[in-house]
Every structure is written in C-alpha cells, then in structure tokens.
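Shared chain: chain A. Partners: chain B in the first complex, chain C in the second.
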Partner chain A sequence: MPTEALPLLKKRRKPLNSFILLVALIVLVYYTLVGIWPFLYNIWLTFRKTDLLTEDKWIGLSNYSYMFTDPMFWNSLLHNAYYLGVMVLVGIVTSLIFAALIYRTKGIARKIYTAMFFAPVVTSMVAVSLVWMLLYFPKIGMFAQIISALFGVSRDKLVFLQGTGSALLCIIIMDIWRDTGIRTVIFLSGMDEIPDSLYETARIDGATQLRQFFKITIPLLTPQLVFIAAVYSINAIRVYVPIYMMTGSPPGGPANSTRVLTLHMYLSAFYGQRFGYGATISMVMFVILFGLVILEIRAFQQKWEY
Partner chain B sequence: MKHLRNVLLVALLLLAAFSLWAQKAIPEPKSKVKLDWWYQDWSGGINWIKEYVPVFEKKHPNVAINVIPISFNDLYAKFIPSIAQGNEADILFGYDEWVVGKDVSKLFTPLTPTLMTKEEFKQYIYTPPLKNVTAKDGNIYGVPAITGANAFGFAYHKDLFQAAGLDAGKIKSWDDLKAASKKLSVYNADGTIKRSGVLFTYTEAANALLDMIQMQGARDKVFNKQANTWNFNIPEAKKALETFKWFVDNKTFDPQSGDYATSFPNKIGAMLLIGPWNVGTAMSQSPELTVGFILMPPFPTVKDKLVLGSVVSYATYFASKRLKGDKLNGALLLLKEIMTNPAEYADIPFYKKPPYWVGAICLKKYIDELAKRPADKMNEFAQTALTATQKGLPAINTLETRISEPILIRDVIHPEMMNVFLGKKSVDEALSYMTDYLTKQEKQLAQ
Partner chain C sequence: MANTQRWNRYRARRFTSRFFLHLVLIVLSLIMVFPLIWMVFSSFKPSLEVISTEFHLFPKTWTVRNYTKVFDELKMGRGYLNSLIVAVSVTFFVLLSATAAGYLFSKLKFKGREALFFAVLGSVMVPPQIVLIPLYLLISKFHWINSYQGLIFPFVMNAFGIFLMRQSMYGIPNDLLEAARMDGASDFRIYFSVILPLVRSSIAVLGILIFLWTWDEFLWPLVTVSDNEMKTLPLLLAHFTQAEQKFPGESLAGATLVIGPVLVVYAFFQRHFVRGLSMTGLKA
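Let's turn to the complex of A and B:
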C-alpha cells in the first residue's frame, strides 16, 4: 500500500508546490515593492538633500545632526508623548467605566448602548474633525455657550483650539470620544469571558462591587488592557488627521502648540521640500513604533495566569 | 553705406515679420483635446476661472478645459512630487515661490521661444514676476498672472465702517488704521472684545512683518544672502512686531477670535489684513456682504516707502513638460490667450461681476488698457488693480532665501508672532527664536 501511494502523492505535490511558489512570489514581489523598497529608499533619502527632481546631493549624517538640534522636532516629540499619555490613560479609564456600566444592562438595552457608543467609530475622522472644529469655535461655539451657561465661566476664556495650552487637549478629547466605542466593546467581550462563579464567590465572601471590580474584573482584563494600551500608543505616535483637519492653516497651530511628529515630517518634506529631512524624522518614528510593536507582540505571547 | 542700411532695414523688417509669424505659429489642435487644469480651490478663484474657461473654449472649440480644484495645502504638497512622478495635470496653477532656486527647465514646458520670444514675452508680462520662472538659459517657463497672498492691505466690511462713521479712503497711515480699529472694536460688558477692529489671523501678518522691516530700510540687516544668516535682533524688526502687538495691547485685535475664514465673514472682525484674494472669497462665500479693500499704508515714520512681497507670491500658470502634439498646442493657446487678450480673463473679477478681486496683476497689456479706460468702464476694484499694480509691482523686493514660503511664514514667523500675541513669549524672545531657527535652516539648505 505505501509503495503504491507514494508516486501518486509525488505527482500531486508538484503542481501544488509550484502554485505555492507562484503565490509566494507574488506576495514577495508585492511586499518588496510596497514595503521593503520604500523602506530602503527612505533610509537612503536620510543621507541626502533632495527635492526629488531638481536637486539630489549626498550630505551624510547632516539630516540626523540637524534633527537632534531642531527645537521643533523635540517639541513635536513632546506633544506625541503628551498625546500618548492622555489618550491611553483617559481612554482606558473612560472606556472601562462605560463597559462596566453597560455590562450591568441586559438584552435590548445593552445592544442600544453598545451601538450608541460604537457609532462614532464608523464615522469618518475627517467629518468628525470638521464638526468638532465648529463645536470648539472660540467664545461663541456650542461648547463655549454650554460651558458658559452651566458653569458661569467667562466665554472669553473658552478658546479651545485657539489656546496654546488647550488646543492639543481638545483634539485628544475628540479622539478619545471617537474611539470610546471600540475600546468599550473590547472590554465588554473581556468581561463576558470572566466566569460568574468568581463574582458569586466574592459576593459570598462579602466583597463590595467596587472591590470586585478592582480585584476580579481589572486583573482578568489584563490581555485587553495591554492590547488597547499598545494599539493606542501606536495610534498616538501616528496621529495626523485630526490635527491637520482641526488646526487650520497653518496646521499644527496655534503657535505650533499641536505640532506632532507626523505633521513635522509632512511639513518638512512637502512644505519645505526637504525630503531627506522628512525621511529622517520618519526613521525616528519607525524606531519608536517598532519598539511599541515589539512590546505588543511580547504582551500577546505572554500567557496570562490568574 | 546706403546699401548696407537698406539691407539692415530689410533684415529688421524680416525679423519683425518672423516674430509676428512666430507668435501666430501655435496651431489649433486638429482633433478635440481635453486638458486638466489644477487650480487652487478658493471660492473666488474657482468662480472666476470657471467663468473664463467657456470664453476660451468658445474661441478654441477643439480645446476642452477641465478645471480641477485642489486646496492650497494639497496643491502645494503634491506640486513637485507629482512632476517627479510624471502624473501632474496638463496645466498647473502654482505660486512662483514654490520653484524658487529650482531649475525650472526640468519642471515645465518652455514657453519661449515656442509661444513667443523672450523680448515679446516681456511686452505682455511685467519683468519682476518673471524672475523665478526664467531658467538659466533665459527661457521662460510660466505665465505669472496675478499677485498671490502677500500682505497687500485690509479687507473691510463697508457697513461697519459706515455705522462707525469712517471713510476707508481716508486711511493713509498706520495711525489712521489704529484709530479706525479702535473705533470699530466692540466690547462685552466685562470689557472683553466682542468684535475686533482688525484681524491679523492669517499668515499675511508674517509677510507684513517682513515688508515692514524692509520699509525701514533694513533689508540687508534682516537677511544676508552671502552668509546665509537671518537677524531679527534689530530695532527695525522689534518696531515692526511691536506695531502689531499694539493692536493686542490696546484691545483692538483678539488673537483668539478663530479662523479668519469664519471670523471675518461673521463680522467678528471689522478689518482683516489679507492678500488681494480675500475680498473675492468673502463675497462668494457670503454674497450678502459688502467688502472693500484698503491698500497697506507705509510703515510709521517712513514716508511713501511701500514695500510689498518680501516673500514673493505670484499666481502662475505652467504647462506640463509631458505635453506633446495637440495637447501641447491647446495648453499654449490657453496661456497665450491669457497674455495677449487679458481683458477677457482679468475683467471677470476686476470689473464684470462679483465676487470681485483686488490687487496687482502681472499682465501688462491689461494695465495699459485700464489706464486708458473711461471712468464709466471702471469700478473701485478695477481702479484698485490699476493703483496696486502701478504702485505695488515696482515695490516688490523679494528676499532671496532658500527657505520655502510655507516654512518661513507659516511654520516659523507666524507661530512666533502668535506666541507674542498670546503672551507666551516676549518680543525679544520671539525675534531671537526666529533668528536662530531660520539661520540654522538656511545654512543647512545652502550645503
């Protein structure tokens, strides 16, 4: 029997192998063209002074030395760090609260709440940014009027996107609001997986609901917490659209108070026509993002035991 | 001797005849061609060009023009990269400062001698705007048509002026401007500004700062081309920035009054320092508004010394270098029509219908026509175009920096001015930052 089956298997494997090879080759070519080649080209650009068309010159490490002494680069990096800190921390806390509240509801109410929180997630970031920009209009915008009416704050102080101290925070709040739904759904699915028996045992032992939340729910949501922290850290480093859309012309204002790395890279490359310098900033972003991705992978590979 | 003179005369006549023939040498396309025209998407401009395209197409039925509006930011960002990739539009709208210091012969189709000779070109277009679109070989690669967004003057709401009993025509100095802005400002009960007398919310304030420094004769002090250095730590720069700060300190300008595109049409400000284009934009976005324009007065203490365009900005039309055959002919015909029959093109915003335009124009023949035009064929906008061109173009004094306008103006000078307006930095701190940052970048670009 084995002696008869072997040639048949061999015959079948041949076309299968060439098909796999063909598919692998297509993927490899595609990946080389859209992944590896641009990456290598980007590294090459970091050593050049070029506008891509009329000028192309080797300048060694000049772009790197310029970048490390560029105050706008450090300013942008600081803004990214601030974005990351607030976005991850406040984003996780608010979503956890909403998830815990929705978890207590049942049936149709739960579905309605989930859908309600999820709706902004599927809305275009450009559209959301434009609407929030109007809501944030200084002094006479809707938010200014509401806050002024409710808390008696002088409308003159409610400048939102026009304030150097408040503009970035306003954008982060919008971004947190927009993605609250997806984080809440992830936490909800995590909560659904926690066995009821754990809560029952805790209740018998006299644990309060708050204690149950901190001693059972939070620890058992660690995989979700790590996932969300990692994904939103990456998003905070890559953030671009809301800042570009909401800070008008010039983007990153007022007074560069909302300039982040992606914007600094874009403006340097396309506005300044310094593609070499833009590529250099993108390399730093790559290193940061690569570090975060490694952390994310490690977090996922870790086996959680309780 | 007489024979030689006759030969020379005949040769000159032949040359003249040849140049006339050369001018008429662009043939009509044999078959129908469709040309894409990337055009900056601002309401007044798009309305204008959409009015003009049918006029051109009627005269050249084999050429169809497809105007593609693109926002300033996107247009600038894709201008050079798209040419590098070979996917730019057939005809391109751009500002000449985008190609400062570049070899334009690598970017666009040469217009001389195909369209006409260099000398003839200069009969139709003023010489200063041709500087950046002329290659090292002397050939010209673009048609500068109008002045762009430099600090040209102040758009103002006529009804607010009338209500305050002000006559815009009498504003001839910065002192007049300060007095008017004070009179036009409206305050809330708590003393905060409800309506600013003047708005400096857009980047023209940064352009104006440079112009003001130049008006005081400090051109060589603020920028040294040979040494690639900037120096704002000079009394002239301080005086210029303090002139702007006066409006904040005296509560006639609220720097946090929001984006000019919303705040000015909504009358959160009575005047707006802006380039010539905002009148058209305001009128097309809010047709109920009646907006006028005041030319920028000379700097305080400086008599009649107008300087415009420290950072030059001419809206220019280019033909793609990829164009061949009928498409090339179609594009050249369009550019030639704008140059040689400018009234058909320029009268649309300057005279015929709103949204009106004000400001200097690079088309010499049009200004010649305006200068001879009877009063009943003029309006205040055509009159402003005439005055602005005659006064403004000779006053253009570009700083020959390697730093692009969006970086110089939008990234560095304007944000620093905002820092001063918002009280985040002192005048000296902001000027010192500008000096260091721009010098560092200028030196790197000069490598």
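Let's turn to the complex of A and C:
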C-alpha cells in the first residue's frame, strides 16, 4: 500500500509541469536576450570609444565627462524639459476643458464628439507629421493663411518650423493635438465615476458651476491627473518621431533648435560613429525615465483599484 | 400662470445654453479632424495646388496622379506588404506570449515566479530606444539586418501585454481551473480552452494596441533597414521629408494611404480602440 501511495504524493508535491517549464524558459531566455543583456552591454559601452568596426578601446569615464561639457547635450536636455512642460500643462488644461464640455452631452451626440476627438489618436505619427509639416508651410501654407486672416499678422513673419524660436513649439502643438482624444476620454471616464449626489449637495449649498468644477471635479480626478502627467512626461522624454519627420535633413534643425535627447543619441551613434557616447546619452535618458515609470506604475495601480 | 412663465423662461435659458454648448463642441470637433480632412482632399490635388495662396478645401482639378506616383516610384505596395507582415507577426506573437505568460504569472505557482515577473516588469523601465545600440549589435550578430526577423524579433514579447493579461486573468475563478484539472486537462489544454476564451476582450484591446504601435514604429526600422525592398511604410514616408525637393501632393497621398485603413477599422471597432489606447496613453 505505501509503495502505491508514494508516487501519488510525489506527483502532488511537484507541480512543475511542461507548460510552466516551457513558458517560463521562453520568457527568461527572451528577456535575458533583449532586456537584461542589452542593458548591461549598454552600461559597458559607456566606458568605451567604439565605431563598432575598427576602433574599440576602454576610455574610463571620458564619455561622461565629455557629456557634461557638451553644450549640445544640455541643449537637448533643455528641449526635452520644455517639451515636457508645455506638453503636460497645455495638454492637461485643454483636455480637461474638452472633457468638461463633452460631459454635459448625452447619447448619440456624446458618442460622435468622442469619436471625432479620438480620431487623430489612431493615426500614424509619421504620417500626421508629414501632413502638419505641409500645414505649417511658411508664409503661404494653410496655417499661415488662417492665422494672418484671423489676427492680422504679416504672413512673412509666420515661418513656423523654419524659425529657431517657433519650431519646437509648433511640433509640440501637433503632438498635443494628436493625443487630445486619449486624455479627454480618460478625464471623461473619471468624471462619470463621480457620484451625482456630490454635485447635488453642492448645488443646494449654492455653489456655482465653476466652484463645483474646482472643488469637486478636479480633486476627484487626481488619479487621472497623476497618470496623465506621468505618461506624457515619459512620452516627452522619449520623443523623436515628429521631430525627425518635421525638421528635414539633418533632423533637429533649424540650427539644432529642436534637437532632443533621443535624436542626440541617434545622431552621435549612427551618424557620428560614436557608439560609446550614444550609449552614455541613453543611460541619462534611462535614469530620467526610471523615476517617471515608477510614478506611472503607481498611478496605474491606483487606477486599477478604482 | 406665473409658474408656466417661469418654466418657459427656464426652458429657453436651458435651450440657449445647450445650443452654445453644442456649437462650441461642433467647432472644436471640426478643428480636431480638420488636418485629416485637409489631408484626404489635398491628396487629390496637383502638387502646385496643395500649397497655394488661395484657400480652397476641395481640389479644383481632381487627380489620382499622386497615388499612382507613390505606388510606381516609391514602391508603396511593397511598403504595405512589409508593414503588414511585420505588424501581423508581431501582434500574433505578442498575443500568444502575453496570454501564456499572463496565465503563468496569475494562476500557476512555481519557484522563482515573483523574481521572473520582476525581471519582466524591469524591462518596462528599459524601452527599446535606450538599448538601441546593443540591440542593433545583437541583430547584426544574427545577420538579421534588412530582414523581417530583425524587424520582428525585438517586439515579440511585450511586458505591458504580460502585465495586462495577468491583471485580467486574476478575475477568473480558481474553481473553474481546478474543475478542469480534475477532468484531467493539462495546462496547455486549460490555457487554450478555458483561459483564452475568457479574456477575449482583453485580447482584442491588446491586439489593436500592438498592431498600431508596430504599424507606426519608426526608430528601429530606421537603424536596421537600409534596403529599399525591406522598408516599412513609415520609412518610405520619411523619404519625403529628407528629400531636398518637396513633393506635397505625393506626401499627402502617402500619408492618406498609411492612415486611411486604420481610420476605417477604427470606425468599426471604435469602442476597443478607445478602451485600449486610453488605458496606456503610451506611444510605441
């Protein structure tokens, strides 16, 4: 009898089956190959000077010390910070207003508005960058015509992407336009979760609509606000597609006024053949993103608990 | 009497405020879709008419020359094929791996599970563009430069996808899996016939997200593909901005061809698009 019971017991205590083994192994191997190894190799690269072909030597911390004195690096970092600030602030304020407006509509009208606001979100960034580049055509483009007609500005001043002062802002505006739908929908679903009774009570107390918005709606949207701020900060640090597409050749112009970290990394490595330095720049981006991702995961979990 | 008057006044005020609300929203929605509408109509204009000093939305002379040109000279057809092959394969592999790993991390117990999951989550911290250079080295070691394998491989598993699937599988009652196990079903069997059908809607959402991200992926193809035959649609579009001479009409035809199909699908599966994209807000 005991000899018969033993294999059964053994089987129960050994839950490792072929499914677990197979999936866990694939996950482990894959993430070692495209996650862990590249990350460690990237750190190693930051201590080297290499063009990946002929030259490859240890240079210690030279890449780092060079980076801190590289004006182009600080320039790029500043552009990312500017991108982040405008993107998050303007993006949140506009989407909040749009969501508050759509919140007041019902039924089919609400569905149509949401669908129209959301349409740009599903478009390809590369393609809409191309479209906006033509809309921004200096002096005689569509936007130049509209703005000069509405505000009486001389068309010769409207150079958009070709002005060192205006190019980055023009790109950010396009980026804000494209994702307005996402943020609006997130705020809208947050507003739908706020119980009507809260507004009811406030109305009885004589609070105006504006007061209700600032005292009830905004505070109760905190999880959504944190989530959006975190996500769009990450996007602002990683941005490159619209800049690459809208600033011609070489990207980052005019006069490097739109060069951001990813572009600086890409151009240093794949144009300048300085892969060690490129890796160093990407490590800086990693450190910034690390902090932001932790913030985002926290916000994400909060949203799930909601 | 006084009451009806007040009621009427209330109704009139309510009506005007509704009217202005909808007026503002209609104007705003039109502004939102204006660039897309302009793109579609202008893609049928001759290039000289796209950028002209007089405003007109509709083409004066309709032409499909822009479209024939992007197909003939830019090999847009080949670009479609490449983009489709890459996006469909990536989506398939991500769905397969994310559901399997999601099941693994949510319902199956084994030693080292938390550590492995932590490693997967860690890779969220390292987006592909941070490790662009080592990944490029890896793919060139495999001799996968200018190949579909090279374009697909770095994306076949997605940490966000695994996280999402794990999250949506937590809700599945354990009794159900226990019952299936009693009937002698293996984990493979349970995965295919119990788990997968139960997370259908999450699969749809994740599938749309991954397809869109891959369809729009730019930096990775940019560094791994130089052969014109292997270029995906975004890379072909980039030609227009890098060229010295600008081709407004052709650019817009190309952009319409990349955006158009997605917008059509969006019109049908709007709910899934909205749910998926607003869940992450993240770009590829």
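Throughout what follows, the second predicted complex is superposed on the first by the 279 of 306 C-alpha atoms of A that agree within 3 Å, B and C clash if a C-alpha of one lies under 4 Å from a C-alpha of the other, contacts with A are read in each partner's own complex, and residues count from 1 in each chain.
FYI, contacts are C-beta pairs under 8 Å (C-beta built on N, C-alpha and C of every residue); 3 or more make two chains touch, one makes a residue touch a chain.
As the structure is a prediction and not an experimental result, all values here were calculated from the model.
Novice: If you stack the two complexes on chain A, which partner ends up touching A:214: first (chain B), second (chain C), both, or neither?
Specialist: A:214: touches no partner chain.
Novice: Quick check on the superposed pair: does A:256 touch chain B, chain C, both, or neither? Answer first, second, both or neither.
Specialist: first
Novice: Any idea whether chain B or chain C touches more of chain A?
Specialist: C
Novice: After lining up the shared chain so the two structures overlap, which partner does A:74 touch, if you call chain B first and chain C second: first, second, both or neither?
Specialist: In the superposition, A:74 touches no partner, neither chain B nor chain C.
Novice: When the two structures are overlaid on chain A, which partner does A:179 contact: first (chain B), second (chain C), both, or neither?
Specialist: second
Novice: I'd like to know which partner A:228 touches here: chain B for first, chain C for second, both or neither.
Specialist: Touch status of A:228: second partner only.
Novice: So, A:189: does it touch chain B (first), chain C (second), both, or neither?
Specialist: The answer is second: A:189 touches chain C but not chain B.
Novice: With the two structures laid over each other on chain A, which partner does A:58 touch: chain B (first), chain C (second), both, or neither?
Specialist: Neither partner.
Novice: For A:26, using the defined touch cut-off, is the partner it touches chain B, chain C, both, or neither? Pick first, second, both or neither.
Specialist: A:26: touches chain C, not chain B.
Novice: Which holds for A:38: it touches chain B only (first), chain C only (second), both, or neither?
Specialist: Only chain C; A:38 stays clear of chain B.
Novice: In the superposed view, which residues of chain A touch chain B and also chain C?
Specialist: Residues common to the chain A contacts of chain C and of chain B are 52, 137, 140, 248-249, 266, 270, listed in rising order.
Novice: Show which residues of chain B lie in contact with chain A when the two form their complex.
Specialist: 72-73, 76-78, 80-81, 83-84, 102-103, 106-107, 188, 190, 192-193, 202-203, 255-259, 262, 268, 403-404, 406-407, 410-411, 414-416, 418-419, 422, 424, 433, 437, 440-441, 444-445, 447
Novice: Hey, which residues of chain A end up touching chain C in the complex?
Specialist: Contact set of chain A toward chain C: 15-20, 23-24, 26-28, 30-31, 33-39, 41-42, 45, 52, 98, 101-102, 104-105, 109, 112-135, 137, 140-142, 145-146, 177, 179-183, 185-186, 189, 227-228, 231-232, 234-235, 238, 240-241, 244-246, 248-249, 262, 265-266, 269-270, 275, 278-279, 282-283, 285-286, 289-290, 293, 297, 304.
Novice: Using the touch definition from the top, list the residues of chain C that touch chain A in their complex.
Specialist: For chain C paired with chain A, touching residues are 21-22, 24-25, 28-30, 32-33, 35-36, 38-39, 42, 50-53, 55, 97, 100-101, 103-104, 108-110, 112, 116, 119-127, 129-135, 137-138, 153-154, 156-157, 162, 167, 186-188, 191, 212, 215-216, 218-219, 223, 233-234, 237-238, 240-242, 248, 251-252, 254-256, 258-259, 262-263, 266, 270, 273-274, 277-278, 280-283.
Novice: Show which residues of chain A lie in contact with chain B when the two form their complex.
Specialist: Counting only chain A, the residues touching chain B are 49, 51-55, 57, 59, 62, 66, 69-72, 137-140, 154-156, 159, 162-164, 248-256, 266-268, 270-274.
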